[in-house]
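Letters A, B, C and D mark the chains in the order given here, with residues in each chain numbered from 1 onward.
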Amino acid sequence: MTKESLAQVPDLSVDLCKITLKNPVIAASGTCGFGLELMHFYHPSVLGGFSTKGLTLYPRPGNHGIRLHETRAGLMNSIGLQNPGTEVFVKEILPKIRGLTNCLIANVGGSDFDDYIEAVEMVSAADVDMIELNISCPNVKCGGMAFGIRTQDAAAIVKAVRPACKKPLMVKLSPNAHDLVEVALAVQDEGADCLSLVNTFSALAIDVYTRKPVFNNVTAGLSGPAIKPIALRMTRDVAKAVQIPVVGMGGIETGIDAIEFIMAGATAVQVGTAGMVQPDILPKIIDEMAQFMASQGISNLKEIQGII
Amino acid sequence: MTTDLYTVISNKQVAPSIFSMTVKDHLNLPVQPGQFHMLKTLAAEPLLPRPLSINDVENETLTFLYEVKGDGTKNLAALTTGQQLRITGPLGQGFNIDGIVGNARLPKVLLVAGGIGIAPFKYLARSLAKKATVSLAAGFRSNPYAIDDLKEFVDDIKIATEDGSYGVEGRVTLVFNPVDFDVVIACGPTPMMRAVKEMCKQAKVKCILSMEARMACGIGACLGCTIRTTKGMLRVCADGPVFDANEVIFND
Amino acid sequence: MTKESLAQVPDLSVDLCKITLKNPVIAASGTCGFGLELMHFYHPSVLGGFSTKGLTLYPRPGNHGIRLHETRAGLMNSIGLQNPGTEVFVKEILPKIRGLTNCLIANVGGSDFDDYIEAVEMVSAADVDMIELNISCPNVKCGGMAFGIRTQDAAAIVKAVRPACKKPLMVKLSPNAHDLVEVALAVQDEGADCLSLVNTFSALAIDVYTRKPVFNNVTAGLSGPAIKPIALRMTRDVAKAVQIPVVGMGGIETGIDAIEFIMAGATAVQVGTAGMVQPDILPKIIDEMAQFMASQGISNLKEIQGII
Amino acid sequence: MTTDLYTVISNKQVAPSIFSMTVKDHLNLPVQPGQFHMLKTLAAEPLLPRPLSINDVENETLTFLYEVKGDGTKNLAALTTGQQLRITGPLGQGFNIDGIVGNARLPKVLLVAGGIGIAPFKYLARSLAKKATVSLAAGFRSNPYAIDDLKEFVDDIKIATEDGSYGVEGRVTLVFNPVDFDVVIACGPTPMMRAVKEMCKQAKVKCILSMEARMACGIGACLGCTIRTTKGMLRVCADGPVFDANEVIFND
């Protein structure tokens, strides 16, 4: 490659809370395990980073009954934060996955203040790059999304967790929040370093033949292409309102979708459901973003970030 | 394990709503009997790929035997020769042939199939042939299918149909006694699996089940396909689909 | 048909604010004009009823630029309440359409209290069967959805309009409400006779090539199958909370979808987008509901209403 | 106007990304030139049907000429003989043949096509033949298509291509002068329509435009397809697609 053409290779790197991601595409929590399964298809280091399955202080078996249900262009899930707990994560899993990425995001959930604080303390003291505080999981009975609905609850949990968090703190917002922008501002004020959104939408599916909800928990979380237009609107609403970086997600399937989120103000994006539909889609999304940038003469994503 | 576009060589109906699709296996990855693939046509809907067991592997082709149930399998059935689809696999833990055969000389293996549960047994029977004496007990609602395919690899076939149109009338559990075998391997609907497990337990015969669950990723990443086992919630796609019957807890 | 088999024909009729609908399927506002276009495909009297395009006191030209945009399993629209105004409706349109249905619902929008009151007064005094108060249109600058977001605003507009409304008052809720159940309860307290939900979700689409939003108004309203799981969940949430009847909608395409809404607690349903995808779908939905009921031995929808 | 499943008789590529599809017109409804239909394959996505003009009506068949642009037309192009699709129509206000011809004996009519804008002109030219002297000015990006189809009904053909590969190099507006005609009828991309309107206005020649807009219902119910006109926001699907150029306001 000549110097000239090298100069024209678009720069996909972005800075997120002082970490330089080689590109803005992060595998979303809960859809890529702990990163190891990705290795069958590509090395996770080609990604901007990945976010682990939601961790809780104590191991959780997750929910019983049906956990997945397909809808038009969407996926409903009710996994219920099945995970081995933070201790097993730190001692047994982290050493195996530490080398896979330079932006290893530990997604942490909880059901009460003490659990959240202790879990964040333990995980953030370990060799992870960032904590993603999940205050938006609609699939656990006590806690999770409960904290993400009302502004004062969201503020309180972030305030409680912040001193315990030794790494940059990303707070994952719920699209089910009463006033999403207000939550975002409050969470920013309590010391979040960046925000991610959206988690799944609270949704319902009914089996009309058994006359019962499909899921034992009645409701479950909706993700996938169906929600993209709403998630994109929410990403813009929040990015316009806050001063900290925003990581957008919800239904991203293509490089063009990802560019839309960047134009709506996101610094980076996460991809969940689409990576399960086609396991090598994330590297393809990165390629498509690069192609789009090259074709449109965009050398750095900053040129278009928040342009809408 | 990989994900790629595959080309359809043939796709034909073999019985009412049962299809057999053969694709060119251009990658020629090693496949164990009992493993499965995730298949998705190029249509946007349904969103998720569908898991299908390996029915057979031969001459650089992969064959799937499947029943049309909903939109996913309907789309598969509409594929014609030369068209492409996305296939991810091979996935999961298949049948452990060495474990099944063990140290015995020609152990007696029974395959119990319920309906389309017969799909993985052709490649399994082919792989067991000459290493074990293989019997098949197959149950169908009505007309049997895919039986002729297996004759070459199986020493004995017993059939039950719920409507009595062929073989014994009633459930497949009527046509075998586990004590006659060293190992029983079952694949079919949950009530059948539960019954076979129970029969084998009473008879103190080793029992292996190939389980089903709704899947999203198929690779062990999403924890969507778990079942209850004595070892906790295990993933059908990555820890299974083949499980020791003693591990599986049915009362869900 | 013998007496026995007649007796087994499922009864699809439902009572909505003392009006007996021959079946619970209503054509949704804004997607069936004033009912006349339906006549090319079936007579509107086969439906439970229909709701007119949103009417405002003064004629409105609607929005400029692109008004429609397709998303995965969804449709975004930004019509902007183009309509001839209540006076033309009452004098010129109503006489032509009065005979088409025995449940003619006039959908009324507005941008301030006075407009709303005057429009409701004029239309409800005319020969319509019900008023559907649209406090949830996301596509008009001042008003519309603004009233449907915060509980106190929703309560205030219903309180103001109630005395002016001479017919049963159906209030159409916004899925963008901060606290939907709270809005529903407040609106019930202010005298709504029944509720309909959901209107469209505020959503965003970006044309990455022009680097502009697809719609002049930036955001637009998302409808169609994509939103069904969320709309169904919201319908259940509201139906569980209120004492008045609820009319559910959002993405209904089939009789089974409609049955899900009934099981979630709706008394009747509306169908919008699907009727534009296939103009004769509403009668088909009614047939499918009847078939489902017959196959499941359900003789009256009351047996399954709110069963979830 | 009706909605029904139609059966494909033939569907073939006639030029790069240009297809011609003929379906059995089992209902045989009267169709005016300039009217259109909404077409949707049985695939779930894209959600909405796509509007296509009537290219020709003959022997109980309907023909559509279309360019593959996105998923909707891609799905149409994949249809094969014997397959079914949903068609709603005929829709909209077509060309008023009597109005075009008026009282004149053999008035001179010019059809101006930009690219796939040529689609409605075959049936229009067929309908005008013997009632008017019909000329065609057609512009293409590169290779022309669908011209031979029209030769039978048109007295004179002028072609422009943007790359100069055929006919005059440049825009179609270079190859005609409105003063030579009694009526100019245009169908094509917006910039062309705007230019043709302007030329005709200057020349004081009657000008008729067939307009496009994104559609949902196609039947006038949703107000999604409106354009600005001197009579207010009018629906392309129900008030058009054919408009008097004087009515259409382009500065949107």
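The working rule: a contact is a pair of C-beta atoms (placed from the backbone, for glycine too) under 8 Å apart; a residue touches a chain by one contact, two chains touch by 3 or more.
What you see is a predicted model; the values in this text were computed from it and never measured.
Listed by label, which chains are in contact with subunit C and with subunit D?
none
For subunit B and subunit C, what's the span in angstrom between their mean Cα positions?
47
For subunit B versus subunit D, what separation do you get between their C-alpha means, in angstrom?
54
How many Å are there between the centre of subunit A and the centre of subunit B, using C-alpha atoms for each centre?
Computed value for the inter-centroid distance: 36 Å.
Quick check on subunit B: which residues sit in contact with 2+ other chains?
As it turns out, subunit B has residues touching two or more other chains at 44-45.
Residues of subunit A that touch two or more other chains: which are they?
72-74, 225
Touch graph across the chains, line, ring, star, complete or other?
Drawn as a graph, the chains make one closed cycle, so a ring.
What are the touching chain pairs in this one?
Going through each pair of chains, those in contact are A-B, A-C, B-D, C-D.
List the residues on subunit A that touch subunit B in their complex, please.
30-33, 37-38, 40-41, 53, 61-62, 64-70, 72-75, 77, 79, 82, 224-225, 273, 275-280
Note which residues of subunit D are touching subunit B in the complex, please.
These residues of subunit D touch subunit B: 43-45, 71.
Tell me, which parts of subunit D touch subunit C in their complex?
Result: residues 1-3, 40, 44-49, 86, 88, 214-226, 228, 232-233, 238, 252 of subunit D touch subunit C.
Inside the complex, what are the residues of subunit A that reach subunit C?
71-74, 76, 178-179, 201-206, 208-209, 211-213, 218-219, 222, 225-230, 232-233, 236, 251, 256, 259-260, 263-264, 292, 296, 304, 307-308
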